[in-house]
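Two complexes follow with chain A in common, the first pairing it with chain B and the second with chain C.
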Partner chain A sequence: MARRYDSSTTTFSPEGRLHQVEYAIEAINNAGTCVGILAKDGIVLASERQLTSGLLAPAKTSEKTYKLSQHSTCCVAGLTADANILIDQARLRAGRYEYQYQEPIPMEQLVEHVCNYKQAYTQYGGLRPFGVSFLFAGYDQHYGFQLYQTDPSGNYSGWKATVIGSNNQAGKSLLKTEYDPESTGELPSVEVALRLAVKVLNKTMDGTAASSEKMELFVMSREDTEEKLCVHRILTNDEAQKVIDEVEAEGAGAGDS
Partner chain B sequence: MDSIFGVTYNGGVIIAADQTNARSILIYQNNLDKISELSSHSMMGCAGPNADFVNFTQYIQKSLQLYEFSNDGLKLSTKAQANFCRGELAKALRKGPYQVNVLLGGYDAKKDGEVGDGSLYLMDYLGSMQKVNFGVQGYASNFCLSIFDREWKEGLNEAQALEIVDHCIGELAKRFLIAQPNFLIKVVDKDGVRVHKFGSDPEDN
Partner chain C sequence: MSILEYNGAAIIAMTGKNCVGIAADTRLGIQAQTVATDFKKVFKVNDKLFVGLAGLATDVQTLDQILRFRQNLYELREERPMTPKVFSNLLSNILYEKRFGPWFVEPVVAGIDEAGKPFLSEMDLIGAPVYTDDFVVSGTCSGNMYGMCETLYKPDMEPDDLFETLSQALLSSVDRDALSGWGGVVHIITADGVKSRVLKGRMD
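== the complex of A and B ==
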């Protein structure tokens, strides 16, 4: 039985596993789903808003999507309290880099920094790992728009489209069939990506009726001015509802044929 | 007593520095290379005591190399390198200042294969920095800035820029009290940093 090696993060089990880290990853499978999709002119992050009580005051800020710097944003699946610490770390790192070099931090360096921070909690100190997975979305001059996924182990990878949180396997399998840039030769547009993201959330949230209160749709794109600053936009309820309705119409139409 | 000057042209930067290594009335060496290559497409000329110049230069050079190793070969733009360099001068100022005045020049490629830009940054030992079209460190500024003011213009090519550099060296030879017989001229453009001319071979030991 794995029991004896369970409690300490810093101990390998005889099969060579870190059980605490694995349990942390499991914890995130109970969290609200996040979908990330790379588009040719931007990135879409769509998140499930899990409303735990009708008594809650209306949220002034998002509990899923966080801006890290002018050119990067992340969305969270997992323990919000843990996420807050890591988001502070990411913001600090991005800010310090920009102070030192007067240039925005390359996305991979930002992600790697957060991940190295997470990794330390799997190796030193006897503290439990962070129960958070992120989807990092950002732009840099070297590689353009990029999407990264991280988990409590401190591992990260770059994706064209991915899902984290509850029912992420169902979401990913839908993406595998529907997100197919190879066939068209280029990445989808932001509008197409938004509809696909809603479709994925519909699947992972299956059973619940899709509505703009339950889905948070975020788009990152770049201005068309000389400065080319990044635009971070969480869709309003009306805009989100429009996308949801479009997806429903598509689905209804497909059902008939 | 160092004379360092730099000038940008269309597609690159030139930095020239005298090669004398001296203290008080003694000349230690007359083939010193005062322009260090920071990365494949950037270089830094430093005026100041030899100890500080070597210490600072190597620190910046190695830090920039470490960045490239740590980040899978990613290159920092000239602007980022210059700001990093300035930050280090500023940090050290209230602890143990580096007494170096710097001219940092580099070439940044453009994405679409167009001719990229050369840029030049002038920094003093206090950590103030300015991006300039041309710059001079040391006493030479009294002689050379007016030449640059008169002769530099937008869109120069390499040959024209080198001609201006030669005018400056000539002016110093004629009017500057301290004899500086050897100058080393380096150019950075799309093909990287190269030595254009030296008065005395720095490799000659």
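== the complex of A and C ==
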């Protein structure tokens, strides 16, 4: 039944669905998981690095995390080739806004711009949608640190913590129980958020042993200087291993009770 | 009246031993009338690279904004800072794009490349570059500045010596020019960082 209405993006099905968009979202469910967690003093983005072959040349740059401007970074789940186009779009938009207004682009405007670009491929032209979901992490002076999730439909939403990519439902259910700022009255610190992110990745990657080669941990925070520039930091293998070990130790201790 | 002489400027850049210095006056005038004494004409591109823009003030400021936009994009895509040579070529390209309606700016590029070697370049308003290993000048009193540099310059100066030479060359040049002066700044760039100082000169 869906077969007649699923080959064109510009056609609704009788149930009111856009099948091409839904298939694009399916493609992302096979991609490496990305976790985003909002902390009190920053944002944590943790991603699963999927190594497809031992013959691949060692990565010179990240395949998951990309800086977009001084105050924003994103991580990718889905088709890398599609993501590259959108990342360039985002960088240009942020740069042009800052050139025009001599002020950094507010996060939501940047996310909305990328999403509007994605949406056009669900309505015009006979082109397929982008098979990418993003987690956008950034800071602006109006709303502080913010985390946004986007999908191929061009829809976006703001989150305190979320997961995209493979096994994201399992990840999200873990976050629902473990990420609870209401009980403490404030958001967790970056260190706590890092450990929680690793815990979530452990669950979504279940079966594979956690290691710093397979997990990319990224932190965004602000310097304590007058300029208050944003600091974008991908943890080194040693730093990442330390967090992974801490989580394992916590887990081993709690498991016995 | 020449449009390049409407606002007034004086910029000198010199090489030293594993360092470069760039100095500029800080006058902003509207022909004869001085309007500001704190007008920025030298801009930091990155820790090892500065650009000085002499010419029409509005174009000086706009080009600074354009260059920052392009440099940001480069660093995001290439994940490394722009080297002086690359930046100089980019600037030359940007200027030539407006070949038949140019930016009224004659820039000076001063920096240290990845190997620590000093780099200087100067270009005209449509991007014709000149690369030297001693000094480059640009501004309304360029004749004065060439004379002073030719006399005072010696190769392989240490950073403090370079500062003194640059300052004296600039101060003496602008004193014989009505359109430049009214204060000055000097930046000395070494592998360890940048030292910026404000010059005390004749405020006339």
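Observations on the model:
Keep in mind that, in the parts below, the second predicted complex is superposed on the first by the 257 of 257 C-alpha atoms of A that agree within 3 Å, B and C clash if a C-alpha of one lies under 4 Å from a C-alpha of the other, contacts with A are read in each partner's own complex, and residues count from 1 in each chain.
Here is the rule we go by: a contact is a pair of C-beta atoms (placed from the backbone, for glycine too) under 8 Å apart; a residue touches a chain by one contact, two chains touch by 3 or more.
What you are looking at is a predicted structure, and each value in this text was computed from that prediction instead of being measured.
In the superposed model, A:Q102 makes contact with both chain B and chain C.
Which of chain B and chain C touches more residues of chain A: that partner is C.
By the touch criterion defined above, A:L147 reaches neither chain B nor chain C.
Of the two partner chains, neither chain B nor chain C is touched by A:V132. Touch criterion met: A:S69 reaches chain C, while chain B stays clear of it. In the superposition on chain A, contact of A:V163 is made with neither chain B nor chain C.
Of the two partner chains placed by superposition, A:V44 touches none, neither chain B nor chain C. Contacts of A:T61 after superposition on the shared chain: chain C is touched, whereas chain B is not. According to the touch criterion, the shared surface of chain A, contacted by chain B in one complex and chain C in the other, consists of residues 99, 102. On chain A, the positions that touch chain C within their shared complex are 61, 67-70, 88, 91-92, 95-96, 98-99, 102.
Per the touch definition, chain C reaches chain A in the complex via residues 65-66, 68-69, 72-73, 76-77, 79. Those residues of chain A lying in contact with chain B across their complex are 99-103, 106, 108-109, 142. Here chain B touches chain A in the complex through residues 71-72, 74, 76-77, 79-80, 83-84, 87, going by the rule given at the top.
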